[in-house]
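Pasting the structures here.
Each of the next two complexes has chain A plus one other chain: chain B in the first, chain C in the second.
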Partner chain A sequence: MKKSELFFLLIFPFLFFIVSHLIPLFYGVALSFTDPKGNFVGLQNYYTAVNDHRFWGGIRFTFIYAFSTAALNLILGLLIGTFINQIRRGQGILKSVFLIPWAIPLTVWGLENRIIFSRDFGILNNVLIDTGITTTPLPWLGDPSLATISVIVSSVYRDMWFAALLFLVACQMIPQDFYDLAVIHGASALQTFRFITLPLLRRTIITVGTLLFIFAVQAFDIPYSLTYGGPAWATHTTAMYIFRRSLHYGDYEVGTALSSIWVLVIFGLVGTSFTFLGRKTMR
Partner chain B sequence: MLRYLKFVGAIVLISLALFPLYWTFNYSVLPEKETVRYPPHYYPPIDVFTVVNYRIAFTQYPILRSLLNSIIIVALASVVTLFLSFLPAYVLAKHNFRLRDSVYYGIMALLAVPWVSYTIPLYRVANAVGLVDTHLLMIMLYGFSGIPLFTWIAIPFFRTLPDELIDTGRIYGLSEFGIIWRIAVPVLRNALVALFLLRFVWAYGDLLYSLIFTFDQAKMILPAILEFPGLFEMPYARMAVGGIVAIAPILVLVMVFQKYIISGLTQGLKISV
Partner chain C sequence: MNGRKLVNYAVVVIVTAIVVGAGTYFAIPPKEVTKTVTQTITATAVVTTPPTTPKLAGKIVLYAPAWGVNGSLDLVKLYNKERPDVTVEVIRGPSVWDEHVTRNTVWMREKYSGVDVLYNDDVFTLDGALGGNWVKLDDYFTSEEKAMLTDLQQHFMNAHGGLYRIAWGNGGSYVYYRKDLFAKEGVSPPKTWDEFIDVAKKLTKDLDGDGKIDQWGYVTQGTPGEMYNTYNEFLHQAGGDEWKLAPGGVPDPTAKKALQFLYDLEHTYKIMPPGITAIGYTESNAMLKEGKAAMLRGWGDLGATIVSSWGMGDVIGAMNFPAGDGGPWGIGHSWGYVVNAYGKNKDLAIDFVKFCFLNIEAQKIMAKAYEAPAIKSLYQDAAFMADLAKSNVAAAHFEEFFKWRFPRKFPAGKSVEYHEAYGREISRALTGEASIDEALIAAQKAIDPLLP
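For the complex of A and B:
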């Protein structure tokens, strides 16, 4: 085994990533200490960034969104996945159907959900009024708290099928003997789920939960296409806010300060959760 | 009774999962004025059914060009990603060296970096060298940005490669690159297809880079269809057409190759009990 060749196979591909992404990332950090003319201004941009209440509002919304979507996707995915596992025939069809929402780009999903959530013409209000749940049409995208709910619902509605699919595949890896034994010992369906399925799915739950959370913290597409961060900045995720403040309004230097803070927040979070979950679980 | 309930449950789930796609199609074939009514049409009535929205979308907007841009850029970029992540994945899966764990955790750390933090400096650089809104830039961006994730996803596939095959390759005097090219790639052909599809679907569905770096020549499909809703009008039928057009290629791909995709996701994301 030639050391130099292995080194080359490992490092050479990553050079492309380093040059195209990591070096720009550090260039961005350098930019965050300058003004638009390139003069060094110390921590001035960071001072502006920390005092930007919309940025903190964005972080707050991002975490509300990330925790609720990850939790709801896990719970609903687990329920649907284990339910489908009980069905003997037609699992193939269900698997294909569950892949369809996953195949639809998030942007398209958000854009089309605007039609469903429309206050005056949408089917959601139509169904809610016909079933008597509400009497007046609700402004799903026009009210700050309702829009928060709409963004979360829209996102979970798309991703829970994907979570269900992964849990279904994991369920099918559990040896049938375990369930046969449970039947012999007279376990109820609920007990079987609680004491066999759930503990054996622990690894999958941690993996899927982590992935969902990491993707959710980056959320950009659905809020952008569904609410465009509105109304009144209520559904701005951090990524969206940084994008708008820098690339949209041309405030690049403050934007790089915002994104440096954001990277530190994420790394703090990921670092803590790794120590919490233990390094081995992710391998 | 229980069997009946399960059947009903399955039907409900199928309908729920397919509903948004159906609803989009429903609106895409309604005349614009039939979309702003209450209650909404649950299906397109025969007497108002129309394909005029498709004609408007394809003739008045450069949507076909954007669609082709997306497909070409994403397909080439996926090949680049796969090639560049297979090499390190092989080394990390099949060789032991002192810093291996550090490299592995380094890759995981890269996966957590928020994408938005790359965009501002990247935009400045791309602008300075005049690459903004070019196919070349987009192929490079989507080709290189996937390297850490796809190295990580490809490792479990390489672990399934028998060591005996690698040793045989060495006996026949193959270099390490030769082992990857002549042995790993043919043996892991299915994995290669699966990873290509995953990369294709994810890059095609990305909005951040396509929105920031393309606006005219290389404009991709997602920023293109986002221009349908205007500031003061909400042309639902046209928006629905945009959605159907953007979904079509990816839906065909996913339905034809679904077995590869499911196995790719399960193995790549290390789903096990």
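For the complex of A and C:
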């Protein structure tokens, strides 16, 4: 292919990228330096943004949520994936079943979970009381700590199956000979997992863990539909606060300043993660 | 010229066109199209069918969130009898407040022209009036016509800086109660805070003896926006001012008393279910309906739902709030039509809202669809009020209730953030994240930058 042909072939995707991504991005950044009338105000919106305790509260919860969900998804996904790998029959059906929660839209999932976690009408409290685990219904969404747990559990219960599927696929890439040898040498199931499965899944674990963390940092849908960020500000993620500030309060300028800060944080995280990922997986 | 070269040339032309087109679009601001009002429509001072007006034709777009759609459709039907050549397209909006907020905020901010009439509440009427989003309707009505409005509506006109909304009616928050449970316990609707606690305690019960409460004395809504309303009601009952929670960082004694009272309902007297901050309308309404709560704070539309959807008009009654030192205050509010100042069909939109205001049948439709009449004369219409009482359990008490309904003090242009931040900071006292004093100080700190 000639250079000129390649140029014309690439110009459309390039223009599409410019129009759809970079123009809004730069427009947003430009907006963060203005007041609602369009006057340049320097760093005033950034000053307002960094002095907003709700923004910092959102960052705090976002990281608690991201670390918890990434870690739990990783651990549970790994365990389920390797367990399913042992099953010889019905794997295909299980794989399809795994994807059901993951295929449900996030907001629908959040709303469904509101019914589950409801104090007076929820299934969870009914089960806990019927089984004698608790005597009184717990305010799963009305207490800050319980609401944090509820949001994390709701998210993990949805996403761990997807992580499990990724680990299942990775497990199936490990040559069967290794396991056969382990059996010949009398290794226990735990030893096989510890000395064969885990080391050989290391790259997958790092990659999946990093991706899960990056996805979780951008959390919006589940906390929004499950708790609206409440009680008070307890489960308010950064993305939710930016949304609220911009589209509920009509404060686009401070909202875009918050977004710009948050984009930089996420870029930093993604950059660091992938550098780390590159080093670890290259070894 | 071979085919390949032709394709190359074509690509160059298309790309240039896109770049130039995009550049032009972003560089040149769209011209604002202005219309001159040429139609003069006279109206009578007496509420009656509007006078014959010149023939109007065209189309207007009316937006209403889900709860304003049915009434709007009835109004459009009536309007079309008068104006058969005007098409009113009713856009059904979201059924969730949060989504209504997002849509309105973006439209107002972007000066959206695709909608001519919007069904809005106090929050957006005020913010839009200040932002120049709505048409000021004062000049389209005589002072006699405006004087027909109730005191609550007069207040809103003052608060908004003029007549910006054609109110569907007077609205308010009330206490609904299970008459059957009250009768069973032999108690009457409480009039004061002390009586309220006493009655609610008697009605809070472990019915099956398993050690857990099956029936609560009282339930309210504690989600952020509603926590603002719930607390604000107690604050007014205590005689407080919603802008003075902790002026200068010192908690106001009345504000403290009100928040302590709300806290005690859940944590000390335990007459309200724990985790109230997660209880919204769906859950609290269901609790009253199923007899899991004996008293419920709710808006006036619930009075109609109780009759029409639940079929429990004979079991559930409405009463005023209990009085603290300040009186039995509840919130007075209103929804109604505003005319988009940036709309494409302003003349027709104004004609439509004028019709809604001046036509007595339209007023009746609005009052029935909403809650209570917005004009004084309908309260004197015994037949209409009797009819209204059949469809809303609160209606029989409207005259008494509206003596004790206060309009909320939204700071102009900041109403959404104000009531949401307020509610969330106050909630922290109920969730145990902050003490009463800390929550009040935090709420004052959150609202101070928003106040005029």
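FYI, the second predicted complex is superposed on the first by the 273 of 283 C-alpha atoms of A that agree within 3 Å, B and C clash if a C-alpha of one lies under 4 Å from a C-alpha of the other, contacts with A are read in each partner's own complex, and residues count from 1 in each chain.
Going forward, a residue touches a chain if its C-beta (ideal position, glycine included) is under 8 Å from a C-beta of that chain, and two chains touch if they have at least 3 such contacts.
Being a predicted model, the structure only gives us computed values, none of them experimental.
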Partner chain in contact with A:17 - chain B first, chain C second, else both or neither: first
Which superposed partner A:247 touches (first chain B, second chain C, both, neither): both
Partner chain in contact with A:230 - chain B first, chain C second, else both or neither: second
Chain B versus chain C as contact partner of A:255, first or second or both or neither: first
First, second, both or neither for A:121, with chain B first and chain C second: both
If touched residues of chain A are counted for chain B and for chain C, the larger one: B
Partner chain(s) touched by A:143 [first = chain B, second = chain C, both, neither]: second
Contacts of A:56 with chain B and chain C, given as first, second, both or neither: neither
First, second, both or neither for A:6, with chain B first and chain C second: first
Intersection of chain A interface sets (partners chain B, chain C): 5, 12, 118, 120-121, 247, 252
Contacting residues of chain B [partner chain A, same complex]: 6, 9-10, 13-14, 17-18, 20-21, 23-24, 27, 35-40, 42, 83-85, 87-88, 90-92, 95, 97, 103, 105, 108-125, 140-141, 143-145, 147-148, 151, 175-177, 180, 201, 204-208, 211-212, 222, 225-226, 228-229, 234, 236, 239-240, 242-243, 246-247, 250-251, 253-255, 258, 261-262, 265-266, 269-273
Residues of chain C defined as touching chain A within the complex: 4, 8, 11-12, 15, 18-19, 22, 26, 98, 101-102, 105-106, 108-109, 127, 211-213, 222-224, 273-279, 283, 286-287, 292, 414, 416-417, 420-421, 424-425, 427-428, 430-433
Interface residues, chain A side, partner chain B - complex: 1-3, 5-6, 9-10, 12-14, 16-17, 20-22, 24-25, 27-28, 31, 80, 83-84, 86-87, 90, 93-109, 111-116, 118, 120-123, 126, 130, 157-158, 161, 165-166, 169-170, 173-174, 200-201, 203-204, 207-208, 211, 214, 217-218, 220-221, 224-225, 238-239, 242-243, 246-247, 252, 255-256, 259-260, 262-263, 266-267, 270, 279, 282
Contact footprint of chain C on chain A as seen in their complex: 4-5, 8, 11-12, 15, 19, 23, 54, 118-121, 129, 135-144, 146-147, 227-234, 244, 247-252
